[in-house]
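Everything below concerns the one structure shown next.
Per-chain numbering from 1; labels A, B, C and D assigned in written order.
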Amino acid sequence: MRYRKLGKWGLKVSEISLGAWVTFGDVVKDKETVREIVRIAYEGGVNFFDNADVYAKGLAEEIMGEILQEFPRHTLVLSTKAYWPMSEDPNDRGLSRKHLLESITKSLKRLKTDYVDIFFAHRFDPEVPMEEIVYAMHTIVEKGYALYWGTSEWPAARIAEAVAFARENGLHPPVVEQPQYSMLYRERVENEILPEAERFGLGLVVWSPLAMGMLTGRYDQGIPEDSRFARYPQFAERFLTEENRKKVLKLKEVADELGLTRTQLALAWVLRLPGISSAITGATRPEQIRESLGAAGVDLPKDALERIEAILKGEA
Amino acid sequence: MRYRKLGKWGLKVSEISLGAWVTFGDVVKDKETVREIVRIAYEGGVNFFDNADVYAKGLAEEIMGEILQEFPRHTLVLSTKAYWPMSEDPNDRGLSRKHLLESITKSLKRLKTDYVDIFFAHRFDPEVPMEEIVYAMHTIVEKGYALYWGTSEWPAARIAEAVAFARENGLHPPVVEQPQYSMLYRERVENEILPEAERFGLGLVVWSPLAMGMLTGRYDQGIPEDSRFARYPQFAERFLTEENRKKVLKLKEVADELGLTRTQLALAWVLRLPGISSAITGATRPEQIRESLGAAGVDLPKDALERIEAILKGEA
Amino acid sequence: MRYRKLGKWGLKVSEISLGAWVTFGDVVKDKETVREIVRIAYEGGVNFFDNADVYAKGLAEEIMGEILQEFPRHTLVLSTKAYWPMSEDPNDRGLSRKHLLESITKSLKRLKTDYVDIFFAHRFDPEVPMEEIVYAMHTIVEKGYALYWGTSEWPAARIAEAVAFARENGLHPPVVEQPQYSMLYRERVENEILPEAERFGLGLVVWSPLAMGMLTGRYDQGIPEDSRFARYPQFAERFLTEENRKKVLKLKEVADELGLTRTQLALAWVLRLPGISSAITGATRPEQIRESLGAAGVDLPKDALERIEAILKGEA
Amino acid sequence: MRYRKLGKWGLKVSEISLGAWVTFGDVVKDKETVREIVRIAYEGGVNFFDNADVYAKGLAEEIMGEILQEFPRHTLVLSTKAYWPMSEDPNDRGLSRKHLLESITKSLKRLKTDYVDIFFAHRFDPEVPMEEIVYAMHTIVEKGYALYWGTSEWPAARIAEAVAFARENGLHPPVVEQPQYSMLYRERVENEILPEAERFGLGLVVWSPLAMGMLTGRYDQGIPEDSRFARYPQFAERFLTEENRKKVLKLKEVADELGLTRTQLALAWVLRLPGISSAITGATRPEQIRESLGAAGVDLPKDALERIEAILKGEA
């Protein structure tokens, strides 16, 4: 496994990381399968395990927390997040001081650890003043509940504001942003987020690098019954267009020539950018994480990158 | 129940909230009655329960703390306060660092919780320098004893000074003021406190929105034997004037037309101002809290507000 | 008992307070006598009990800590101090961060309390930079080991430097100085310390207001065998001059006319200055503390003060 | 034993101190021997015991921690360090917030103490921004894990940057640097580090004052089988030159005349500089520490210093 710094900061994360999103505790109900997936990832060098309170409403954290007890804590980079509603309660959501502090406390309990490495504000919350968010995150870092804090899917301007507010007031700034990024969802990161991250030294760890599975080839022949697109039609609507299907089939040729699967190609492509520290993958079966691990350390040759670019632009 | 933000801050409180003042542990000695009142409030969507060390000299906190154990902590917005003498001891009062820290510690123990959401300075204390007050409140927030701190019945200039001092020194500013406000006690809030609160983004939660019961119609026929005015003649003196009696009788007509009780009308009227986050009601009987809950979410129509204005100004 | 604010700050101390210096655990070896003295003081309204690590090398704190368990903690203003060597060890003394933090931790254990109200730097330590002293004291206040910190016998310029350094760096400033002050030892306080204390709002609590007993009349007939001057000849040398003996005899006339003992006169005289918050007295016998308590609340008339002034200046 | 202040700061360290480097737990496997060495040192007045996580991969800390339980904690100045890899793990090294906090926590556990006196950044880490390092060290001091923090073998410019960054942001600055320094390894300290240390008031505690044993005379006749140069050929290569051998033989004459061993001469020579607070010695046998202790308090006469200077410059 190859490791990258989180932007300018000292923390190092594996190029390929494992996210508990959607899958753990939700789709994958068999704890032994989860255990196997996590063990394969860990033994393959994955150190970054990405969690959130909201994944399976806490159950994903419970399971991850239980399984990760096997490994020395300092070899893990654990994250969790807060923002999405955990219940109907008006304060059980968002980025208020109340919810951030209550949420991290509960996440740590579920994860069975004294601290996470990164605590993410899962989205920006326009209802809460920036000073409340940054002071709460500062408190969380100072209390030792998290070593670093980050943002996820925040507008670039709000990240800039958070960093500036932290600097002005001697508070811990965010050190990482977690945006969605893949061959089929590029613009926001490339135009807006990457320049911002470079300016402030933020690391980027990206979610859905496989476009919800679209880039793996799983949907070449339509939507299998037990697939993610079958469960979440809104994802199919976004990604499963005729145009995308054609692109994904063309990408197969590039992958084949390089001796990679399309999954590996898509992950290695995301990691071509030095500003991206890690691609967060999911897995519902052991084979999937094994396949993803094959993308670590792969540096795509220049001509392959050019051919991919042409395919993605519809020029090939 | 409708919820409102506490000024510009992220905390959300129910429009109707329940205060332990005077009643719990003092008038209402039967714990089962208190339990029923609290449960009705909670099930009706009340999340803000307002306490103080001084209510029944700690007993109100004890009872509230015991009853609230039934509900998940994060669904509650608990407050308490310090300032009023708890004993003859010269340091057992006021806003010194000593008293604030000793008081919150004892309140948390009585309330059986690790933190309150809001810790109020129950009055301003001119004997203590602003820096001592704000630093002590900052310490209390940093230690996690309170998530936010606020003021109650502070002069606008002192609130402004506290906010400015906090900003200059990187300390937690007060986020909420708790003034008295009702149809029969308006001037201070409307002229002085509301503009100040808007300027600094403070929330307002108001006490005695029913003018000690005067606005409910309870005193239409004089002072019943077991009523609050019978127990506290100073309240009767302030509110039970002939002029007020006439106003309250006229308000009944408006309430009747809207299908509201006078209690509900008085609460909805307080909540007509978006700058007011919550009306703190008391209850000695289950029916009272049920009645108050009926005021939540009621938006008084423009013409009713105009008629009420005329009545209160003695022009109708 | 009358109470006074500690300078501009919110803490209130009894005009007459009890110090453990020299006496407890050292001269007074009988714990029941100490218990009786402390109880008389407490019941007479004394709330300020002044301690130091070095008094009887920790034993005074042990005894005081044990006896004070009887009283509610919030009714007590406890102090302790650090600076003087507790052993031959080169770090077991002075105002280094190491010694201050290690010393307060050990004092709290001996005093059997979670915090003292005031932690005094017992002398200034020119070997330690001001930033180290003030940051360490700040840490001690922030950790909650002490509510306030103060100085004892510091040069006015060093107090000023400490306050200024604290202000510049957002740290807790000292709030009280403890100098020696009595009818026979006046200059330093009146010329140097009082103006400084007023400028910065510091309280003053004074030690040896009876000039080591000289002002009580105990040495009218020479040095009794079991007296303090017998035990500490250096004190006798400083105070037991022929000139002082004459003054003390003349003061008896003033005291007699006012119906006071000379002890009470000397204490009331110290407290004539509003800038002095408390006179710290010692006691080896119950009668002594009873006598001292008689000085609380006494306001010496103008003409008595003038006669005393003349006596002290050798003009009467 | 003579003690010196750590630069301008309040902490005092013994001129001769004991380092666990290389020896404890690594070469010296017999715990009773280590215990004897430590006891001789302690009884000879050594108070500074220098440790690091990496010495024998934690075992040196374990042993030192166990043995030092015998002595009152406040009489010890304990240090430890972090930077060097403790495993293959990418985060188990360097000066990231993650590693510094995880490392100190584990060191405290091994040392069986609540705090170290000094926590050293064992080398500078160019991969971590200065703000991350200084904030993490500040957190460690504020949490009470360490009383002071320092650097080891940092470039002067990086020390200056750390001090300046700390000052600008109100954080704890480093108070001590630990460089290598001996008669045979002088330039860096004398040209670069001493002026820097004086400018910022940093203390210097130096390692390898005997040039890995070269200055003791142990290698006069070549490399003994069980010697350090036999185990670490790279040290032999650096120090065991023909030129150095000649110098070391000439130094014997100076030592003999002064009634010192060459070990003592080399240590006293290091301590001729008032800017150096302590010479950290190692010992694998009780005789060695006894010999080193003989250098404490020795002030080399001016003419001896001149002769040594000539020898070291190859002019004698």
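FYI, a residue touches a chain if its C-beta (ideal position, glycine included) is under 8 Å from a C-beta of that chain, and two chains touch if they have at least 3 such contacts.
Chain by chain, the UniProt names read as follows: A, B, C, D = Aldo/keto reductase.
Predicted model only: the values in this text are computed from it and were never measured.
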Copy pair chain B, chain C: interface residue numbering same or different (half cut): different
Farthest chain relative to chain D (centres taken as mean CA coordinates): B
Whole-Å separation of chain centres (CA-atom averages), chain B against chain D: 62
Rounded Å distance between chain A and chain D, as computed from the means of their C-alpha atoms: 44
Sequence positions of chain C contacting 2 or more other chains: 142, 170
Contact pairs between chains, per stated definition: A-B, A-D, B-C, C-D
Complex interface listing, chain B residues touching chain C: 87, 89-92, 94-99, 101-102, 106, 125, 127-129, 132-133, 135, 139, 143, 169-170
Chain C residues touching chain B - in the complex, by the definition given at the top: 3, 5, 8-12, 47, 73-75, 77, 117, 142, 144, 147-148, 170, 172, 201
